[in-house]
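In the two complexes that follow, chain A is the common piece, with chain B as its partner first and chain C second.
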Partner chain A sequence: MDKKVISTISLAGCFGCHMSFLDIDLKLLELIELVEFNRSPLTDIKTFSKRIDIGIIEGGCSNDENVKVLKDFRKNCDILISLGECAIMGGLPALRNHLTLKECLEEAYFNVPTSNHNQTIPRHEDLPQLLDKVYPCHELVKIDYFLPGCPPSGEIIWQALAALIKNDKLEISKRLIKYD
Partner chain B sequence: MHKLDLIIQKEGNSQDRLIPILWEIQKDIGCISLDTQTDLSKKLNLSPAEIQEVVSFYHFFSEEYRGKHQIYIDSSIIADFHDRNQIKTTFENELKINTGSVTPCGTFGLFETSCIGMSDQSPAVLIDFIPVPSLTVEKVKIILNSLKNGIKLEEIILSLGLGDGANSSNYIQSNINNNIVKKGHFLFKKWSKGEAISIASQMSPENIIQVISDSGLKGRGGAGFPTGLKWKLAKEVPSDKKYIVCNADEGEPGTFKDRVLLTEFIGLLLEGMIIASKAVGASKGYIYLRGEYSYLKNHIERQILDFKESGFINSFPIEVFLGAGAYICGEESALLESLEGKRGEPRIKPPFPVEQGLFGCPTVVNNVETFVLAAQIIRFGHESFSSLGTESSRGIRLLSISGDVEKPGIYEYEWGVSISEILRDCKAIEPTFVQVGGPSGTMISNKEFDRKISHDDLPTGGSFMVFSKKRSLFDILSNFMDFFVDESCGNCTPCRAGNVILRDLLTKVKTGKARPSDLNKIKDWGNIVSKTSRCGLGMTSPNPLLTSLKSMPEYFENAITNKDENFLDFDIEQATAEYKEFHNE
Partner chain C sequence: MSSPKKIPITVDGKKYDVPKNINLVEALSSQGIRVPTLCWYKGMDDCLGTCRVCTVNVNGRPSAACTLNTTEEMKIEFDTSELNDLRKSIIELLFVEGNHYCPSCEKSGDCLLQAEAQALEMTHSRFPYEFNHYEIDYSGEMIILERNRCVHCKRCTELFTNDDGEKVFSFIGKGKDTQVVINKETEKSLSKHKAQEAMDLCPVGAILVKGEGFKTPYGERKFEKEPLWIKK
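Entry: the complex of A and B
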């Protein structure tokens, strides 16, 4: 069997989902027999060098760079997975959706106790432009699968990947997706 | 004495008096502030949260001040199509405020509310909870100027001209018209006061129930439960106390037949309730009157007093209880919760109200029209009714016809009448869609006008809205979805969240952003919402979307131009506009 090609990315996320991915521990050895990693923070490869079988997205879209990357992933991946709360629903970053961008930036740069009073809000053409709010990935591109959790456990990530690679039906026990 | 004490002294201090008490405070002060709620909670021996959860539930109660004069604009689709926007803009311009706010001086508050039962004379508003229909820009200006000059609303209404029938009587004095267009041969038979009661007094309770059962009368609220069976079930439950409740919370957009029945047939309604009380052995009756019809309260109470003086209701007191703006209270168990002074959230059934209804006692809840028809059936015998209509749907049905027709108003039909016959009678203007049974009913296209009004084809609670070819299907559906999102009580997730999801999907279709797969999503979510919601609201709210998708798929398919499922419409320019504006770019 050819090795499946996997790419991952963290958009407006905290890398917690990626950490959880690494938490599959010894299964990593099994996984590396089945897949190869292409563009991903895990490999530090920044561009796609071939067609991707499975793209894994952590985090929602908070700025124009996120949008560009997400679309690039959709273009290059056969299957796209939203991994974790932020990719699926915006997560913690989406708390700012109740505020205007102005309120949000002024709070972050001026009003917090740690701000120094000469502070300005940075703006440079190389800096990504913030969106009016944080969007979940499926509002921009088609997402094939959703793996919930904050973060999803290593076990759920492993089971989902194994099922996709082996073309098995995924049956996740309730224990793994029960959060209350 | 403190005002609050006076109100409580008048109404009593038990929880079931909470809504009447809140009404008095809202009308008197213009709001029910948190401080007032805390005071009230001490006096009623409830927790502040128990007061707040009720205040926040009903549209007409508010924690924030709503003005000396509270104005509510009817936001029904029929009003939308009758220049509602122009009226709204006139109010906004004259008062120099946006809808949803109060003038700086606090004199006027301008808000929106769901259909107020005036679709035959749209656009309409509630001013201080009194409906003022058939508005024009000129009328709005006259009304506002008069109010600003301190002229009383009653005098303004008098100067606008009183309506027909009992609307001009001393106890109503409104400029609403009944608009009774088609009188049939059953309901409109001349009333003679007390006749039905005196016939029933010669009958045993079993006998009364038998006659009602034999007539084939089914509940007129929409669900169509056999009335005789309901009464029989309530009779059979042993209990010292039983209640008869008339559901006059006519909230289905486009319906107004109960408004007319309450105006012109209140005597027959009371007789129907009294007969029901004899049949089931009930000791008290309530008329749960929607807040929007509070202008009819004096009229109804006058008739009750009249019946009392005539000796008809010695052992069966009837009380008029005012709702406070909540569509869901038309659902019988939500209505009972509301009568008990709580949030109008539907109960889980069983037990059904006939077993455990108001205050846990067996209760019959029937629609206004059901009681009126029951009284007529007792007068003229079950055959006079069962010989009309069809096999599954006996007797007659009142329709409230509105929309793009030359003659909106009340029509009496035998069940089984075809849509095309109705459209002919009301002189429909280029009819293209008809919404039968209100937003919770069925949307049909002009290819289906041979269908019939009956329980096994097109059941209806009485609303009949006609839309001409110049109306947009998606405007209509959006208005309905907004309505359901607004009126969902929020208790169960499928209804609370599902209706928002359905509305979002519809917006995608309407704005040309949908993809072919979205149509399947509408069907899937529609099924989830209708199959898993707790009460009739969520069970029926997907109906207009699902029925129009079924009968007119071409409208939806034509609205989808982009078939690319991978990349959805996302306007990056718009999404970054706020950021650029912040940086003055």
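Entry: the complex of A and C
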């Protein structure tokens, strides 16, 4: 059997979901026999070099760079998975969604005790532009599967990957569904 | 005392004998059929049916089971893929209408909305998240009102009183502007025990006792120990 190709990315997330991925512990040895990793923070490969079977997205979309990367993943991956609360519903970064962008930036750069002394909001063409709010991934591209949790357990990640690698139907046990 | 008269009803094509004129959710529960609920709880006779999570088909018509009493020859559809999906959609709508950030919620693991979502295998909402803003009321002596999580079930406004029998919570506004408010005078007299009772009555994390929360260790919270989907 050809090895399945996996790519992962963290958008507006904390990398906790990636940490949870590593929490599948000894199953990692089994996994590495079945898959190869392409573009991913785990490999530090920055671009796709082939067609991807399974793409895993951590985090929602908070800026234009996140949207670009997410669309790139959708284009290059046969199956796309939203991993964790931030990818699924914006998560804690989305706590800013009831504020205007102006309020949000002024709070972060002017009003907090640790604000910079220059009283400026960084702006440069190389810096990603913040979106008006944090968007769940499935509101921007089609997502095939959702693995909830903050973070999702290593067990749910393994159960999902094991099914998809074998081209089985992905059925998640109720006991593994959680939202925190 | 003679036992109440039993009447036949049909649930998903199967006949059951249940007491006449009792709450339908209670009747189904007595036969081992757990109907998802948020606004109803065990022992409640007259439920307002605000959340609709208990929707079943009665004689072909979608109805909130908690608002009905058993009558002879009721034909109920409960466990069909269409009705399960409908109930799941209602839960999903509640998730997008409020701001339910489970990872940072004091009630996570003890939250009925979360537990019902898990039992209905909700992995995400199929509706767009609204991210509406609701003011949090910190002005109470004992209680914080976290309106971002309120599902307007009316448990607190209808059922909760202080030790003198006075209401503490009420609704103001209409439609999407409806919000729960605290009566500061009656809230002042709440004991810690009573305030905790209000927090426990709330099916979500909208009513919080000041200084409480995050006390039960992860893995030992109510619905982690007794998930709703486990048959008793």
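Here, the second predicted complex is superposed on the first by the 171 of 180 C-alpha atoms of A that agree within 3 Å, B and C clash if a C-alpha of one lies under 4 Å from a C-alpha of the other, contacts with A are read in each partner's own complex, and residues count from 1 in each chain.
What we mean here is this: a residue touches a chain if its C-beta (ideal position, glycine included) is under 8 Å from a C-beta of that chain, and two chains touch if they have at least 3 such contacts.
Remember, predicted model here, so these are calculated numbers, not experimental data.
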item	value
Chain A as common anchor, with chain B and chain C clashing or fitting	clash
Contacts of A:L130 with chain B and chain C, given as first, second, both or neither	first
Partner chain in contact with A:R175 - chain B first, chain C second, else both or neither	second
First, second, both or neither for A:E139, with chain B first and chain C second	both
Contacts of A:F48 with chain B and chain C, given as first, second, both or neither	neither
Contacts of A:Y109 with chain B and chain C, given as first, second, both or neither	neither
Contacts of A:D64 with chain B and chain C, given as first, second, both or neither	first
Winner by number of chain A residues touched, once chain B and chain C are compared	C
First (chain B), second (chain C), both or neither touched by A:R74	first
Contacts of A:T100 with chain B and chain C, given as first, second, both or neither	first
Segment of chain B intruding into chain C (one of 186-194, 528-536, 546-554 or 564-572)	528-536
Contact residues of chain A, present in both the chain B and the chain C interface	133, 139
List of chain A residues in touch with chain B within their complex	64, 67, 71, 74, 100-102, 105, 121, 123, 129-133, 135, 139-142
Chain C to chain A touching residues, read off their complex	95, 99-105, 108-109, 114, 117-119, 121-125, 128-129, 131-133, 227, 229
Contact footprint of chain C on chain A as seen in their complex	82, 85, 88-92, 94-95, 97-98, 133, 136, 138-139, 143, 145-148, 150, 172, 174-175, 177-180
Of chain B, residues touching chain A in the complex	565-568, 570, 572, 574-580, 582-583
